[in-house]
Amino acid sequence: MEPSAAALESIRAINATAAFNRWCGLEVVDAQPGSVTIAMPWRDEVGQYSGFLHAGLVGALIDTACGFAAVTLVGRVLASHYAVNCLRPAVGRRFVARARVVKPGKSQVFTACELYAEDTEGEKLVATGETLLLVVPGTAGA
Amino acid sequence: MEPSAAALESIRAINATAAFNRWCGLEVVDAQPGSVTIAMPWRDEVGQYSGFLHAGLVGALIDTACGFAAVTLVGRVLASHYAVNCLRPAVGRRFVARARVVKPGKSQVFTACELYAEDTEGEKLVATGETLLLVVPGTAGA
Amino acid sequence: MEPSAAALESIRAINATAAFNRWCGLEVVDAQPGSVTIAMPWRDEVGQYSGFLHAGLVGALIDTACGFAAVTLVGRVLASHYAVNCLRPAVGRRFVARARVVKPGKSQVFTACELYAEDTEGEKLVATGETLLLVVPGTAGA
Amino acid sequence: MEPSAAALESIRAINATAAFNRWCGLEVVDAQPGSVTIAMPWRDEVGQYSGFLHAGLVGALIDTACGFAAVTLVGRVLASHYAVNCLRPAVGRRFVARARVVKPGKSQVFTACELYAEDTEGEKLVATGETLLLVVPGTAGA
């Protein structure tokens, strides 16, 4: 199997085991060694007061995509720190998070992500974020 | 009505209008001018791969509590930036986020939050975070 | 004067007025509307315990470059929040920070930056960072 | 020697070996297991355009105090990530950073810090920040 096909299969398997990801309807669109794209459809339950995507879910998409990107290069990881920039109200029919590894390492992995809102007019950058992940000891060579 | 009773009523009303907060079962436990406590019960759907609270929901609780704390002092707000430190696996029967305003302002509000996991043995600090909010123009005096 | 020549002249003038920037030997290498590159030579006084560039100066370079990038598009700004990822020990003869505006706005500007260390073997990415700046009211149209 | 006297001696020794700290005139005021206070006098060379303390030095003080606080509990550390909130213009005769360990660990340490500006009228909180540090392998028991 090609590296990207193997990465996609592996990330999809992990995604299927996380209850919250299933509730969100998270889909793994693409996975390459070092980068992953995930998507989530809009529905009313993911909204905040004004009908925008809840900022907590903006962060959940970014953190999840970053974690998946890390997993394509190292073993198991746990998020230590993540940060989210809300650039614009997150309004759309579907949200796409594209994450990449900025710097892999034996003990920690630095990642970054852009979140786009899709609409009839195309896609728009609505948020950026980054996650610093700790490699779970003993899994680094996986 | 006392300031804290008015704050509690006002924050509970806002909480009730956010679809995602209702799905989470978010409850506003306390509200004072400048600080708010919210809580969310554990259930399987909020978990990630290992059965811990999903890091995205860790952030959602922190960001929501911070926003509520800001609203007790200024008008309407939108989160610009938030950051989350995952100190320990978030495992418990119930999660309690305590947020406070660090510095209010006319155009922006700095807030900080601690997230605790409750268990039969008591509560444990599992995450910290902070949110920088922009005051929606024209609402600052509210 | 072309936009980039005007931007360069303007940013160099601001750089010359900041005492700490002069002490650092900060040089404005390039300025375009929305992006700025600055550089600083290594010298012993900018080191920490191990002879790496002090993490505080890593942040100072990132924050300064981000602020300059913002100023090319809006009026006067003040940093509200900045964050720094130290990817590798910052060791080199010269440090180059390349910042760009991610999202300009009337009240706040989101920026991002990469910091490179230059050596005889070329340049290496040693840190990334981001700054959220508040536009000083009344200067936005400048 | 008492733990706090030993911590103070040890942190002062480290502070003396960092060239940039010496240039800044950084003084270690207090050190306890898990918390450290440092101070720096104002002088013109630490200013930015408006005569406030340069935001880069705001971060340098926070990052340095956080690193020292970590060192009182674990072995050698390197900053992975730090973030700075600039609450108010940093204007004063002297700046005092008080850092504490939020969560120590074998591989990483979470810290937080407040920065105060001292004046004839007392001290004022001007910035907050946090640093996530990686413990240098093989030094954790030190």
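Quick notes on this structure:
Chains: A, B, C and D, in written order; residue numbering restarts at 1 for each.
As a working rule, a residue touches a chain if its C-beta (ideal position, glycine included) is under 8 Å from a C-beta of that chain, and two chains touch if they have at least 3 such contacts.
Keep in mind that what you see is a predicted model, and the values were worked out from it rather than measured.
Across the assembly, the mean Cα position most removed from that of chain A is the one of D.
Set side by side, the interfaces A-C and C-D show unequal numbers of C-beta pairs in contact, with more at C-D. Computed from the mean C-alpha positions, the centre of chain C lies at a distance of 22 Å from the centre of chain D. Taking each chain's centre as the mean of its C-alpha atoms, chain B lies 33 Å from chain C. Look at where the CA atoms of chain A average out and do the same for chain C: the two points lie 28 Å apart. Looking at chain C, residues 80-81, 83, 85, 132 sit in touch with two or more other chains.
On chain D, the positions that touch chain B within their shared complex are 83, 85, 87-88, 102-103, 110, 112, 125, 128, 130, 132. Across the complex, chain C is touched by residues 14, 17-21, 23, 44-49, 54-57, 59-61, 63-64, 67, 78-86, 89 of chain D. For chain D in complex with chain A, the touching residues are 80-81, 83, 107-108, 132, 134, 137.
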